[in-house]
Each structure stands twice: as C-alpha cells, then as structure tokens.
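First the structure, which I've put down as structure tokens, then a few questions once you've had a look.
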Amino acid sequence: MSKTDVSRRGLLKTSAVAGAGLAVPTIFTAQSAAAFTNNPTGGTVTLGFNVPQTGPYADEGADELRAYQLAVEHLNGEGDGGMLNTFSSKALEGSGIMGKKVEYVTGDTQTKSDAARASAKSMIEKDGAIMITGGSSSGVAVAVQGLCQEAGVIFMAGLTHSNDTTGKDKKANGFRHFFNAYMSGAALAPVLKNLYGDDRKAYHLTADYTWGWTQEESIKAATEALGWETVNTVKTPLAATDFSSYIAPVLNSGADVLVLNHYGGNMVNSLTNAVQFGLREKEVNGKNFEIVVPLYSRLMAKGAGENVKGIHGSTNWHWSLQDEGSKAFVRSFGTKYGFPPSQAAHTCYVQTLLYADAVQRAGSFNPCAVAEALEDFEFDGMGNGKTLYRGEDHQCFKDVLVVRGKENPTSEFDLLEVVEVTPRAQVEYPADHPMFAGGQLGSCNPGA
Amino acid sequence: MDAFLLQILNGLDKGSAYALIALGLTLIFGTLGVVNFAHGALFMIGAFCAVTLQKIFSLSFETVDPEKTDFLGNPLKVKTPYVESWFGPEFGGAIIDWSVPLAILFAIPIMVAVGFIMERGLIKHFYKRPHADQILVTFGLAIVLQEVIKYFYGANPIPTPAPDTLNGVANLGAVIGMDLIYPVWRIVYFCFACLIIGAVFAFLQFTTFGMVVRAGMADRETVGLLGINIDRRFTIMFGIAAAVAGLAGVMYTPINSPNYHMGMDFLVLSFVVVVVGGMGSLPGAVLAGFVLGVLESFASMEWAISLIPGINQIIIYLVAIIILLVRPRGLMGRKGVMED
Amino acid sequence: MSILEVKNVGKRFGGLQALSDVNLSVKENSVHAIIGPNGAGKSTLLNCLVGKLIPDTGSVMFDGQSVLGRAPYEINQMGISRVFQTPEIFGDLTVLENMMIPCLAKRDGAFELNAIASVMSQRDILDKAEAMLLEMNMAEKRHMHAASLSRGDKRRLEIGMCLSQEPRLLLLDEPTAGMARADTNNTIDLLKQISDQRNITIAIIEHDMHVVFSLANRITVLAQGTPLVEDDPENIRGNPKVREAYLGETA
Amino acid sequence: MFGLDKRDTTLLLIVAGLTIFAPFLLNPFPTDSGLAQFNAGYPDLMQRFVIFGIFAIGFNILFGLTGYLSFGHAAFLGVGSYSAVWMFKLLSMNVLPAIILSVIISGLFALVIGFISLRRSGIYFSILTLAFAQMSFSLAYSVLTPITNGETGLQLTLDDPRVLGVSATADGSIPVTNLFGMEMRSTYHLIVGPWDFQFNMGYYLCALVMIAAFYLSIRIFRSPFGMMLRAVKSNQQRMNYTGLNSKPYTLAAFVISGMYAGLAGGLMASMDPLAGAERMQWTASGEVVLMTILGGAGTLIGPVLGAGFIKYFENIFSKINDNVLHGWFSFLPDGLEDFVVFIIHPFIGKGWHLTLGILFMLVVIYLPGGLVEGGQRIGNWFKGRKKSDAHQSKTNPAE
C-alpha cells in the first residue's frame, strides 16, 4: 500500500468539478502527491482550536476560544482589527490568510493527553485543519505537539508553562509564545530580592507531576542564585484537595517563604489553605512570612478570592498593560465580550496572528515554510515588547510580568497589579541550558 | 511532637468531612439498602447552596462613578449590594460576610427537598433492583447533577470565605504551654461535624422515630409486619442523610473554594470510608472517617514519603485494600451485609 | 455397611451449644431421616456434613474419608449432593442449562477452562441432561427460564440436578417445606422412585411426619443438639421419649 | 460456520460487514454538505470505535457473564499501552510484538489484581478494583514517571534505543508504527463525486483484531466455560454445592477480560504511540461500564454498540455548537429560534456529558438490556406486539 495521505480537500474540489462536468461519478485514486498535509486549495483555510471545554479548565478554555474567534474576525477583516493595527509586521491585510477566508473548527482537550490528541486528530483528518493551537496544560501541549509533528501540521501552543515544551520535548512543528518556568524564576528572583532581601529560607510545595517539577527546579535555581536557602521541597498529589497536612509542617520548618508550584484548582486550594493557617501574618526569623505563586493567572486569582492579596507571582501578560498592542487587544476583546481577556486568551490570540503572518510572509501554507518564517522572527506590538521567536527551540523571548494580588480591587477583574516588567534580556537563556536539555527539535515534517 | 499533633488535628479535620459524608451514605445504605453513588453530588450541592446564598446577598445595583473609568476607558460602574443599601454598609456587609454560616439555614430545607425528590423520584424504583443497577443509576445521576451545576456556575472554583472573625488562627496549645496554631474555621468545622454526628446519633437513639428506623435497619420485614409505615420514615431518613451531606458541603466551602467536581473528588473517598468502616455501620463510618483522615495526614509527612515514595498518593486505597482483605466486614461491619 | 459416619461432633456458637456429641451412622442405600423440633440442631448438623460449617470436635467420615476442612465443592465431588430447603437453582439459565451444569461438573471436575468448544457440541452432556429431564417429566420445559418454574418444578429440577451428578449420598433439607399437599405427594413419589431405582443413599431432614414415615427406613431423632434415639420407623412411632420430646407437641 | 450456530454466524458476519465497510457507512454525507460534520468515517475515530469495542467486549465477558462489576478495568488498558510503547522504544516499530507484549503484561497484571480482588464479591469487589486502579493511576502520574513519563504520557523520542530498527529516520523524524513495513497511518482516499472515503491501514488492522476478538467472545459465551460464568452470576451457592469451584472461573474471566483490555491498549498505542496516565483513571473505567450498560450488558453485540455510541457522542456530538443549531432552526421565527436554541444549548456541544448522563440514567431505568433491548422492543413492536415468553428468552444473552 502506498503512502497516500494527501490533501483530501484539494482533491475533493477538483473531483467535484470533474464530477459535475461529466455528470457521472468519477473515482479518483489519490495519487497526485500534494506537498503537505491538508493543503488548502479552495477559498478557505481551516484552523483547529483545541481547548479544554469540559473538565476543571473549561473556563480557561472558553476564554481561549473567545480569543480565537476574535483573531479569526480580525484576520478576515471584521471588527476593529485589534492587534493587527499594532503588529510590527504588516503582511496581514485583513483579507484572510493569503486571500483565503479563515474558518475554524474546535475540539475539546478535556485536559487529558489522550482526548486532546483524539480531538486534534479529528480536526486534522476530518476537518482538514492546517494548524492546531490551544490547550491549557503542559501535558496536553507536549502530547498534541508530538501528534502535530507526526501528522505534518503546525502546532501553536496555548497556555503551557513547563520547560519541557520547548526543552526536552520540543518539536520542529511546534511553537510556543507563552513563557516558561525558567523565565518565571528569572523574572521573579530580582523582584523577590528587592522585596524580601537575600537572606531567606524557602519551602516549596510542588504539584507532583512534570510541570510542577520543572517549575520547582527553575524557581529553586533562581532563588538559590540570590542567596536564598531552600529548606525543603515537598511533592503534593495532583488529586489533593485539602493541603492542610502539607501546609502544617511549614509552620515549624524555619522557612520564611512558601513557594506554591501549583496551578489551577491545586493552586486555589493550596493558597487558600496557606492563608488559613495564618502564614501571611506569621513572623519567622524576624521577617514577615511571604507566599509566592510563581505562575499566576487571573482566573485562578478569582477562585482564590481575597487570599491572593499581596501575593507575588509572574504572568505572561496582563490586561492592564498600557502599550498600544495590549490596549488595542483589550479594547476589541472587552467590547465584544464585556470583560477583559485573560493571559491565556492573549497568548492564543497572538499565536493565531503570528501563524497567519508567517504564512503570509512565507507565501505558503507548507508547514516547513511557515516554520522557517517563524524561526528567528522578531516582532513588536503584541503586548510584550520586542519579541523573538528563537529558531533553535521555537520559544518566544519577551518581557515577563511580575504581578501582585491587588489590595483594593476596583472591579471583579481587577485582581492583579503589575509590579514590574522584567526585560527580555533578563529571562533569556542559551538553548542548551541544562534545564532544557535532552531533546531534539528534529526536522520539520510537512506530512504527506 | 508538635508536628504530630498538628497532623492529628489536620486528620481530624479532614476526617470530619469524610465522616459526615460517610454517615449520610451509611444511613441511606443501612435504611434503604441502596448504594448511592450520587452522595458526593449532594455534598457538592450543599456547597453550592452556600455559593448561591452568597450570590443572592451580593446581588447589586450599579451606579456610575464618573470619576473613575473601567478597563475600556468608559465610566466605571460601581456595584452596591442591595443588602448594603437597605441595611446600611455595616450591617449589610456583615450579612454578606456571614453568608456561609447563614447558608446552613438556607441549605437545610433545600437539601431535605432534594433528598425527598431523589428518593421518591428515582431511588424508590431501585429498592428491588440489584446493587449494580443502583450504583449505575446513581452514578448517572451524579454526572447529571455535576454538569447542571457546571452549566450554571462554571468550572472555576468560587471563593466563599468564612466570616472575618472566624478567618484567623487560634493558638490551641496555649493551655498546655505549646505553640499549636490552627485555623479557627477548621476548628469550627470539626466542632460542627461532631455536633451533627452527635445530633444524628441522639436522634436515632432517643426518639421513637429513630428507634423505629434503627429497628428497620436491623430487620426491615419484622418492623413492616408491625404495621408501621417504614417506607415513609425511610424517605425522611433519606432527606436527613442528604441534609447531613449538604451541611458538610456548606461548611466546607471556606476551607476549599467549591467547584463542580468536588463531589466526584469526595465520592470515591467516601465509599472507601464506608467500606472500611463496615457497610451499614454508623459508628463504623464515623470511626473510619476520622481514622482515614488521620492516616492520610500522617502519610503526607516527610518521613512517611521518604520511607515509601508515593505513599501520600495511595494511602487511602492501600488501607482500604488491606482492611477488606483482613477484615472483610470493615472495622465495625455487621454480618450478612452485602455479602452476596 | 455405613456410608456416612458422624462421630462425637460438637459445635458451639458463642454461648450456644448447637451440637454436642452427635453420633450418626447412615447405612448405604437406606433412606435415613433426621427429625427433631425447631432448634434441635438439624440444619447445623447438615451444614457440618457439607462443608459449610466445621465442627469444633469430632469427625465426619464419608466412605472412609474425612470431609472436615474441605470446601463444599470438594465434598460434593466426593459424592454428596445437597437439596436445599428453598430450591437453589440457576434462575437466569434455562432448565436444560441447569441440568447440564451438574453433568459438566461430574465429567470435568471442579474447574475446567473449556472456553472454545460449543456447549451444543457436548453430545454426551446434552444426552445425559435430556434423559434426566425426561425422567423428571420436564422435557417440554427445557427452554424455559428456571426462575419462571413453579415451586414444585423447581424442586424437581433441583433434585434432578443432584441426581445427574450420580451422587452416592443425597442430602435433603426439608424438601417439602412450604409445598401444597399435591406437590408434597409428588415429591414423596419421586423420592421413593429414586431410592427404589437408583443406587443412592438418602438422608433427609424433615418436619413433616407424613413425609418421614412414607419414606424413611431409619430415623434419628435430634433434640437440643444431641441424638435422642436412632431406630426403625415403627419403633420411633411407639417410643414414648420421642413422643414426649417431639411428636407429642406437634402431632 | 466457524463452529457457530446459524444465528451467531449471521451476527458475526453482520459485525464483520459493518466494520469492513465502515469507511462507507460512517461517511454518508458529501464532504461539503452541511451534514458533513456528522460523518465519523475518518481514521482516528474509526480506530477508536473498534478499539473501545474490543475493550467493552472484554469487559462484558467479566461483567455481563459473571456480574462482577469492576471499576478498575482501565488500569489494564493503561498497562497495555505502556507495554506497547516501551516495546516501540526498545525493540521495534513493528506492532506485532508490542501487541503481544501488552496482552501478556496486562494478563499478568489482571492475574495479580484479580487474585486479590476476587476474594470479595459485590460492592467490595468493585471498591477493591477501584482502589487498585486509582493506585495505578496516582503512581503512574507521579512516582513512576521514569517508566510512564507522568503527566505528558509516554512518547517516542528521537533517541530511543531501538534494537531492531533506527532511532530516527533519515529525514530526522521518528519512525512510524508498522506491521512488517505496512505503515499504520497510511490512508487511501477513494473519492467518488463529492464523497471522500478513507481507508486506513491501522483501522483495518484494528478491525480484523476486533472481528477476531468478537468471534472469540461468541465462542466463550457459547462454551461450557461461558455457561459456568453465567452460573456464577445466577447462583454461586448452587454452584459450590454442585461440585464447582467458582473462584478459578471468575479469575479466568477476570484475566481474559484484562487481556482484552490490554489488547485494546496495545492497539491504541500502535495507532498512536502515546500512553497517558489518564487512561487508567477511575472515570476511564467508568466509561467502559457506561459503554457496556448502554449497549446491553451480557449481550454479544451490545458492548460494541455502546462503545460506538459513546465515542460518536464524544467526538461528533460534542462539536455541535450554537452556530450549527441556529442553522438548523433558521426556518423558525427569530424569537422562537433563539428560544429553541437556548433550550437545547445546555445539552449539546460541550454539554454532551449532561446528555450522556441523562441517557445513561434512562437506559438503566427503562432499558436494563441497553440498546440491544431497545432494538428488540422496536423489532417486536413491528412484528405485531407479540409479547410472549419466547421473546423473553430472546433477551436472554445466552440464547
């Protein structure tokens, strides 16, 4: 059997035309080799948005989906254009991608690697999606990235923070705009030093799975470089809901900083529990006890309520940023949906635009051409200052935000305030940094 | 030493939640002979009673503050809860602040009603069906309830803090000259659980109603022969069990922000608790709840993890397996319950 | 020659001495009835014979081998079949299937992973089961669900299932309890026929004196956990001790 | 034929026909028509249909025949997947050794867990299996990460030390799974007018395996062993007093059904070389329970139908969104259209869990025999409502 997984859609159109002309069904055997998977030959191009629609991250997924819909509107020249107006590359003109109208299909990752791969496959095989994007956990991102590499389509990662996504598990067809655990550490460390001094004893609680470990490793390295001492690191089960038995030992450990390497429901609960145990009012070694949540998100902050006040952490982006790009995006998003976008929405929106722009510049939907256009592409006007898509590992390098839970929020969205914008230079690292070692990008796969 | 005492407290606190859920589960099983996989969902509905009441109290009208602007640069709409405008900011604010304890009153009628509807509408038809069918239909119900809650409240956890005065920590060790700091609300939760457990036992022990129910648990047919309408009493017991689970949920909300899948999180655990305690034994369920809570806390201590890596992940299941193999009827199970 | 020898068997439940010093000898090819008032320990004794209970003291020998400590299925494979007070049959299976299972157990032993061959290809088993159904007068009901049979039919099916195992000893636990008179008489006839035509020893626990005296050729009277007397039916009928302990009250 | 009676042969041939012609049957709508989204004939979903079919068939051998409700069967599927992926990593990309190993390993795993769990019955058995599966899941997600790669799932990498084969292909990508050179992912498109039918190598391998698994399950159902298993469900007491030892029977059933699950896991990994820990979670075990009950526990074809039904729901039904709904109801006046969409909205798209839960409850309440019973009832209704004992016995799985 020959390898004939070629563009169905293309053949479909031609055969439909042929069938109409001959008025008898014509049987085509797909031998005419197209160059790559799902080459869009009609007037439209289909993107695949793979986000959690069910399960605990459904709300985050819903926000991602809103951003995607907005991005599609802007690409097709509807709405106010959003960041297209501020984007440094002017290749896109609001007439779709390379003149083709952008359409999309959605899938539900359920925040499970299996389900995410299944829905991505369905979008590729059934709906002819040329690019897959989205997701809100690193496990899913790595799994789907692997799939896209095999299938020969581009994967534009959504929210994924683990070092592995562009480290050990990086793939030639996968690109990440979101920042990572190393960058969180590098951005947070100087701020923490300014705020809390260089003589601190840190206690880590870490979600017991890959992302948690890479974050713990990164934060530990960054803070130890400041002179902090790591008193202890404890792994907590993913399924844990009550963290009291992990918080209690912190009280008498001699530590004066608690680092919570948790995300989602875990983070909401562990932070709530930590505050319950009076850690924030506690004094140890003559210093105020502090809690740090290295990866912050507004949706999580909302879940934790009052407890986030004064707690520091890092995010990829925040809607209160005052640069033109951010303002334009918040304006379009807020006008359409009535509330400001989350960082997940931002990264997804930007990823879609970046992909479209790369196609436009490359002049081809071929994944290899797109990848080439994205590699070492430097741009601005997307909300994080001057940004570089590094070719060696497909990671974006840009400014990282250090934020703090706001003491006096003026609205239900106004939960975090930006403490510092850590410049890109400070969070950069060589591609062969030991925390990212072990994987190979491989070569780009156009499929077919 | 302190560390151990603290973990015992933590264990008792976790155990309170387990015990309350398991108590209701056992009441239903003991009286109606039904294995209710939707019991975790009742716990979750209880928690969302608190969320709902908080939302009701926080219902607000909007006034435009021209001085300030919102994120789009439009004039900021300031929300003022109705209760604050009616009762003044101080008293109104206090009402919102105390919405979780107040939700107890709100939740009792709702939970009892939910219990009645569940029993009369669904469970009733499953008394004579095999246990597997009961498990399956209540499992389906649990999925439905959780999806309904998710539809209305979203997937994100919703913060429901305890009243400010109960939000701090207390030094329990002060009396014995030790430093034993513990969150006030968790102490409240433990006391509340003891109170409820005591009330249920007292109710079964000292009221005629309770005596009939106990007799019915021991031998349903005989009691039926006495001409007592045991079914109606059992329906009421189902309502009580639902209320117990619901109250456990209401009071749990400040400890962890409630979300739609908290019921499923607790379901497996509470079944393990019931089985370890012994199917059908009320004291067994309570005892097992506390024992498993304490064991779980101990297993999360460092020495335990360094001894057996991953023990904190599996302790509950491990205990369940061992108990079931060594003492098939659980800690305090009666003979002949669910043995075929 | 006795096929079942019970010697000095005692069994205690907590504070209750259910059986003490029970001696019993069942002769081959006899119909031996064990009677006694409620709570005399009849069922406990029976359970000790089939492996459900293990006596605290004494021995139970079947055909020269001890049954103590063996699981019920092992004892059954030795040649003891039991008929329950309420018929225990496979309600979800058809009558024919019910009859085939004991035939398979007889042929293949306690466990056989015979997972590929078709049941319908087991000619010997089918023939044997069909023959037994004919004998039990149930051939036309072979495709019915066993659960939908009448009480009397269930009883006959159960007895048939036990017989198709070709046991050496058939234990019956109040086989006519709760039956209408006609069903009872049918069952008596069936049992008579079995004991006449087959090389089978029957031990029967029974309340109904009509059944006992119609069938038994040896009777043991049990009272308060010990045998009061063992004798022929005629002598039991006339025994004043028995009348006092048992017959007097119920007759 | 094949040692089956006429009815079973017909059933087998129907199932074989359906699976072989699935690429046509599941793609009834032209690709650019509005109904194209209901097409399920693409390789990934077709593979899932048959793989979960195998899983459910195996589960049914345990639950349908013996009545032992295992809430931990997904663990065997997970173990099978891990074994297969390790085989790809270490030995060769040929799927055959991988599948064989996954069946063996999950069989051994089932033997151990079954040996312990089967010491208890009823709900105690369910809780024991649940506990074992949850333990496997928790450990796979965390402590056992060196073996399972935890959260991300076990994947192939470019530097796998493959003994028989290369670590990476000449063009720098990971080699693909194959059966003696026939690549699992290769797909042949047959384009007939506006229709596009996809014939995927991997699907046909899975389909053949499923037909074989289905055939084997018919043989087991009709065998003396199968009859004994039904006897276990019906009356264990009578079984023990008929000289039969029920323990080895149930254990054998448990191991066989564990091996079916391992086979499904191995195939899943062969189609898509990744093994995630969530595969072992108790909710995943709950899913196969749903499939079996929905289709009809104890019936031959039921589990296959149930598996197809749920997977269709998960992958196709879940994609219907409001836009699609508005399209359907656009013939209604505006206000009414919005109202109808508003009413239906919670049940479709991402609300598919809700619909599934309701359907499941309805089936348990009204159709204990599942879809198969539903089909029979409809059939009987058409035959003129001849309700009699004969029909009763038809619902009996053994007939």
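Here the chain labels run A, B, C and D in written order, and each chain numbers its own residues starting at 1.
Rule of thumb we're sticking to: a residue touches a chain if its C-beta (ideal position, glycine included) is under 8 Å from a C-beta of that chain, and two chains touch if they have at least 3 such contacts.
What you see is a predicted model; the values in this text were computed from it and never measured.
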Checklist entry - If you average the Cα atoms per chain, which one ends up farthest from chain D? => result C
Checklist entry - Looking at A-D and A-B, which pair shares more C-beta contacts? => result A-D
Checklist entry - Using CA atom means as chain centres, which chain is nearest the centre of all the protein shown? => result D
Checklist entry - Roughly how many whole angstrom separate the Cα centroids of chain A and chain D? => result 33
Next on the checklist: On a C-alpha centroid basis, what's the spacing between chain A and chain B, in Å?
Outcome noted: 36
Next on the checklist: Distance between chain A and chain C based on Cα centroids, please, to the nearest Å.
Outcome noted: 74
Item to check | Euclidean distance of C-alpha centroids - chain C vs chain D, Å | outcome: 46
Checklist outcome for this item: Touching two or more other chains in chain B are residues 313
Checklist entry - By residue number and range, which residues of chain D touch two or more other chains? => result 138, 142-143, 353
Checklist entry - For this entry, which pairs of chains touch? => result A-B, A-D, B-D, C-D
Checklist entry - Which chain A residues qualify as touching chain D in the complex? => result 1-6, 8-9, 11-12, 15-16, 19, 25-30, 53-54, 58, 105-108, 112-115, 117-119, 121-122, 125-126, 137-139, 142-143, 146-147, 149-150, 164, 169, 172, 208-211, 235, 237-239, 439-440, 442-443, 445
Item to check | Touch list for chain A against partner chain B, complex | outcome: 55-60, 208, 232, 234-237, 239, 241-242, 244-246, 248-249, 251-252, 265, 268-269, 272-273, 276-278, 281, 299, 302-307, 319-320, 330-331, 334-335, 340, 410-411, 413-414
Item to check | chain D partner contacts - residues on chain C that touch it in the complex | outcome: 50, 71-73, 76-77, 81-82, 84, 88-94, 97, 100-102, 104-106, 108-122, 125, 143-145, 148, 161, 165
Item to check | chain B-facing residues of chain D, complex | outcome: 67, 69, 116, 119-124, 126-128, 130-132, 134-135, 138-139, 142-144, 236, 282-283, 286, 289, 293, 346, 351, 353-354, 356-358, 360-361, 364-365, 368
Checklist entry - Of all residues in chain D, which touch chain C in the complex? => result 3-5, 219-220, 222-228, 230-231, 233-235, 237-245, 248-249, 252, 256, 389, 392-393, 396, 398
